[in-house]
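Both complexes shown next keep chain A, but they swap its partner, so chain B is in the first and chain C is in the second.
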Partner chain A sequence: MTPELGYAATVAALVLAVYGSGAAAWSAVKGRSDLRASSERAAVGVWLLITACMLLLVYAFLTFDFSVKYVATNTNRGTPFYYRITALWGALEGSIILWAWMLSLYTLIMVSRYRRTQPQLYPWALAVMLGIAAFFLLVMTIPAPPFERLSPIPADGRGLNPLLEDSGMITHPVALYLGFTGFTVPFAFAMAALIVGRTGDEWITITRRWTIIAWYFLSLGLLIGGWWSYHVLGWGGYWAWDPVENAAFMPWLTATAFLHSVMIQERRRMLKLWNLALIILTFSLTIFGTFLTRSGIIGSVHAFSQGSVGQFFLAFLALVVLGALSLLAWRLDRLRAQGELDSIVSRESAFLLNNLFLIAAAFTVFFGTVFPLLSEAIKGVKVSVGAPFFNLVNIPIFLALIFLMGVGPLIAWRRASAENLRRNFLKPVLIGIAAAALCRALGVANTVVLVCLALVGFVAATIALDFARAARARRRTGDAWREATWGLALRQNRRYGGFVVHLGILTIALGVAGSQAWSTQTEATLNLGETVELGGYTIRFEGLQAAEESNHFKVTGAFTVTDRRGPYTVLTPAKKFYPQEQTPIAAVDYRLGFFEDLYLVLGEFARDGSHATIKIQINRMVSWLWIGGLVLTLGAALAIAPERRRTPAVPRAGERAVA
Partner chain B sequence: MNRKVKFIAGGLVIVAALAYLIYAGVSQSVVYFVTPSELGAAPVAGKSYRLGGMVQPGTLKWEPKALDLRFVLSDGQASVPVRHRGTPPDLFAEGRGAVVEGTWSRDGYFQATTILAKHSEEYKAPHDASQAGYKELLKTLRGTDGKP
Partner chain C sequence: MSGRRRVLRWAIPLAVVPVLVLLAYGFRTDPREIPSPLLGKPASPFALTTFDGKAISLASLRGQVVVVNFWASWCIPACYDEAPSLERAWQAYRDRGVVLIGVNIQDKDEPARRFLTQFGHTFPNAPDPSGRVSVDYGVYGVPETFFIDRKGQVRFKQVGSVTDEIMKQHVEKLLKEPA
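Then we have the complex of A and B:
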């Protein structure tokens, strides 16, 4: 019964979404409020039906209904309870449900928020949102039906991909998809603005918070993905420039550009066309990413099933891009900038450069990802460019971006005078140089790391300088310390939230630079009781143990570790043998530290336990990535929080420009 | 007007720098994807390749003490001997697909720096033969270790 019910709900939701989209558009054309109310009820219905689909699939998972192919492929009787729920988005069909569900949820929130306040733009935005939801429901109906039957019904399922049995897999896809779908709202309002012809900053002001939220979830998704890769995949890295990662990174880059360039539009009435193009690009890239990874045109180490899904996504992508660009062309005359650039040395141009570099980074990532396709099409040679390409090209771009991160928020609007530059940047530049010199004296020899350290020092100093100055000014007007610092951050939360996010990015940058430059590893085969040394740690092989878990069989190695001060810890890396997999899966063991992580991977071993091969890595400063992620979370929360004005009478227009 | 020219010139400089960066990046890190027959036909020593094929059954040799891994990759027509220092990755096994990255050595073998094993997504019912294998392994290990 469950599959039939699920399929019926999917089709009903599809019909309702198509109707709702049409009704919303027609209500806007004719100004009929009864149709509008009807389209809103359709949006509620779509959400309810997709929720029902999800619950039905969860029910099928929990009851081991192996007549559903998706359940049989992604779970078996041994799969632990939690992973039977998260198996919901363990593969393509379920991810599409999750995507559609989040989209319908965002649609509902949008309806409840803007129904009364945005009578002109909102019906069109609703039409666009429901139209996009209809596409995902179409995918759920034809090329990727989650409720497809399996016949004959197997006695047991294949089981979840063991690599997905991890807490990261609970949060990573959810965060990532919240990010992806989140950009649908600004996109929908942008389209609405174009259709209605109100191409001012209205749509940007309305969707500002949505953009930050979507951007934050996307960042979080990427970071959790890195953490998952680091502690599950057993290669000791967090980013491999794999097509799947790149597919999520490209929209992040363009969204970051968008987040910054909207400030120029709000403040100077410039870049209207550019901002519309950026949100169209960001949304298209989220669709493109899915196409890229699901169509099988690019080989990836992430294993995905292939099928006609790719063609659906390609057709939808073409529709989105062509439709959006036609609207853009139609309204081109209304998109002239009202302000213009006055000087190269100004905040506007710093933001423009920031955008240029972010788009350049997105382009290089795109280029490197599709390079094998280009090369095969043009020259007929199968070639690829790997991590070295991405690192080589992106390191200078990202260093430039960090530099601009220091310049942008402090440099004057329109035209920066020599006095403004000296006042804001002399001390930070000196601090940056001093920081690099100090690290050089302490033995840091890597040039890229030194440049990165200098830039991080510079940016951190600009942020500290700005905050100290503002707090001091508050103190002079008679505020207490608490009010002058914490209160200031809360009152100008957009600006200081942005600064905190910048601090998080700086922390991550240090983590990336440090881990790339200073990590070290070795591999050794140890007999029982033998030791190996690396970076001050002595690792002794104590033996192997075997155990049977609910759905796999596990061989665990015990290794005692002593550091310079004495006994440090016992690490137990393991190998897991899943019946449904032909080869074992490594379970790494590690001790995380502020400056370095000790990371052990069990390799081949003798069946009698007499010797085992072990890979030992000392990964330096990787923890800074995760700490940076926390800082970023705080900053984003601060930036999203509603603005708190103590004295609304005081005009603060000049202060709220940067966030 | 002058200002506009300056902006355009600045933009062009940045775009040119970027183009150069991409060009340099590609020429430094391009890796040719070849099959064993293609590599066998015209091997160039020292050039970076990504070689894909199947690990020929019976050719996998692993010397734990020396961390020396040797196997033969084949595409049905030609086969290439491969050497690698370090443990094989988890998804790597005889009779399965693998992609190795590295260079052709003058001594007549492929020196791999990275092994990427191919993960199969096909539906497979769990088979008891392998489970029996695990049970045996479990017994052996319990015997030597003396722990449950």
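Then we have the complex of A and C:
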């Protein structure tokens, strides 16, 4: 019964979405508010029906309804309760439901927010949103139906991919998809702006917060993905330039470019065409990412199953890209810039350079990702592109971006004077050089790391000095300390939110540089009671223990660790044997620290427990990535907080009294 | 509107067409399709005991066409999809000098037996408790099916479910060859 209900709900949602999209568009053409209200009710209906689909599928998982193929392939009777719920999005079909559900949720928020305030753009934006939702519902109806029946009904299911039995499985896809789907809103408003011909700043002002929210969730999703990789996969890394990681990273790069370039349009009426192109590119890349993961055209650790889903996504991608670009071409005459670039040494040009570097990075990642396909198409040779290529090309680009991160926010608009440059950048440059020199003296030899440290020092100094200068100015006008600092940050929340996000990125950059340069590892086979030493830790093998868990067999090693100060901890890395997996799954054990993590992976062992091989890693500064993520969260929250400042002018006389 | 602008107007959307074509080309390739190094080589010998307790060895089957199918009861849906085709092929070819052997890997005894009962399999099926046979054949995932000719050489490897057509095509071809 469950599958029939679920399928019916899917089809009904598809019909409603198609109707709602058409009705919203027609209401915009004819100016009929009754149709518009009807399309809004359709949007609510779509959300309700997709919610029902999700609940039905969860119900099927909880009741072990193996007559549903998706349930049988992604769970078995041993799967713990908690993962039977997250198994919902553990594979292709369910992940599409999650996607569609989030999209319908965003649509609902959009309806409630702009129904009364944006009469021109909103109906078209609603039509675009519902149209995109209709596509995902079509995928759920034809090529990837989550409620497909399985016959004959197996006595037990296959079980969830063991790597997905982790808390990261809740947060990673949810954050990532909130990011991916979030870009649909600015895209929809951009399309509306092109259709209506109101190509000014309106759509950018409306979607500023949406873009930041989507960008933030995408960043968070990427970071949690890194954390998952780090503590589940057992290779001690957080990023592998895998095609699917790249697929999520490319829209992040273009969205970052977009976030910055819209500021120039707001301020200088330039880059209208460029901003529209960027949001089209960003949204297309989110669809490209789902296409890549679900089509099976490129081998990847993340790849979902195949089937005709890929063709559907490619057709949709073609429709989106060709449709959006044709609209853009049609409105070309209205997209001329009203301002122009006055000088190379200006904030505009710093932002433009930032955009060019980000797009260059996105392009190299794209090129590296599809190169295996290109090579096979042209030369018939199967190749794979690995981390060395991506690192070689991207490290200089990212270093340049960090440099611009320091320059952009402080250099003057239009034309920077020598005085402006000296006042804002002299001290930070000196601080950056001093930081690198100090680290060199302390024994850091790696050139790339030294350059990175210098740049991070420079950017951090620009932010700190700028804030100090502004706070001092407030003090001089009579504010109390608390008001001059915290109040200032809240009042100019866009500016300082951006700065805090930059600090988060700097922290992450330090984490990446440090972990690449200073991590160390060794491997040893230990007899019972033997010890091995690495980086000041002494690790002693205490024995093995075996246990039968609900859905796997687990062998756990016990290792006591002593550091320079004495007993430190006991680590228990394990190997898990799942019947459905060819190779055992390593369960890493680790102690996280501010400067270094101790990370143990159990290798081969003797069945009688007399000896075991252990891989020991000391991963330095990896925690900075996660701390950077927290800083990023604070900054994003500050940046989207309601603005308190009315005009971007110098402090007004009355403001102090009010504040 | 000037000519240059008109060209630009077309050029913007058309610029992405080559990328889309390249992506479409991707459907014609399979990144997982790696040719087995075992093709054309002698099949590595094995001796197993079937679920019914009978001994079965590859060496004793020389001169016959042998099809070795690796499966598991948890392999949903691929092993379930192909199970009826396997039994049909066995019924069709068992009297024509063809032996079909099911090798059950990474499984537990009880669900494996339930699988065999569910599909009414009558061809010999044996567990591979140590995993030796699946390692020798380089089995990457289930199901995989190997077709061995009368001279004992591996001639074809099917990754994923077999169908009636695949069974017929390869078995008939190998049957035509002299011993």
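Just a few scattered comments:
Here is the rule we go by: the second predicted complex is superposed on the first by the 643 of 659 C-alpha atoms of A that agree within 3 Å, B and C clash if a C-alpha of one lies under 4 Å from a C-alpha of the other, contacts with A are read in each partner's own complex, and residues count from 1 in each chain.
One rule holds for everything that comes next: a contact is a pair of C-beta atoms (placed from the backbone, for glycine too) under 8 Å apart; a residue touches a chain by one contact, two chains touch by 3 or more.
Computed from a predicted structure; not experimentally measured.
Under the clash rule set out above, the superposition-derived model of chain A with chain B and chain C contains a clash between the two partners. In the superposition on chain A, A:392 makes contact with chain B only, not with chain C. Of the two partner chains placed by superposition, only chain B is touched by A:356; chain C is not. Shared-chain residue A:633: touches no atom of chain B or chain C. Of the two partners chain B and chain C, it is B that touches the larger number of chain A residues.
Contact with chain C, but none with chain B, is seen for A:374 once the two complexes are overlaid on the shared chain.
In the superposed pair of complexes, A:159 makes contact with chain B and with chain C alike. Contact with chain B, but none with chain C, is seen for A:525 once the two complexes are overlaid on the shared chain.
In the superposed model, A:326 makes contact with chain C only, not with chain B. By the touch criterion defined above, A:76 reaches both chain B and chain C. When the two structures are aligned on the shared chain, A:580 is found in touch with chain B and with chain C.
Residues 72-73, 76, 154, 156, 158-159, 372, 382, 579-580, 582 of chain A lie at the contact with chain B in one complex and at the contact with chain C in the other.
The touching residues of chain A, counted against chain C in their complex, run 69, 72-73, 76, 150, 152, 154-159, 291, 295-299, 310-311, 314, 317-318, 321-322, 325-326, 328-330, 332-333, 370, 372-374, 376-377, 382, 579-582.
By the touch criterion given at the top, residues 3, 6-7, 10-11, 14, 18, 21-22, 24-26, 28-34, 50, 62, 64-65, 67, 85-88, 90-93, 96, 101, 116-117, 119-121, 123-127, 130-131, 134, 137-138, 140-142, 144-145, 147-148 of chain B touch chain A in their complex.
Within the complex formed with chain B, the chain A residues making contact are 72-73, 76, 154, 156, 158-159, 234, 301, 303-305, 341, 343-344, 349, 353, 356, 360, 363-364, 367-368, 371-372, 381-386, 388-390, 392-393, 396-397, 523-525, 543-548, 553, 555, 575, 577, 579-580, 582-586, 603-604, 606-611, 613, 615.
Those residues of chain C that touch chain A in the shared complex are 1, 5, 8-10, 12-13, 15-17, 19-20, 22-27, 29-32, 72-77, 80, 106-108, 111, 114, 118, 139-141.
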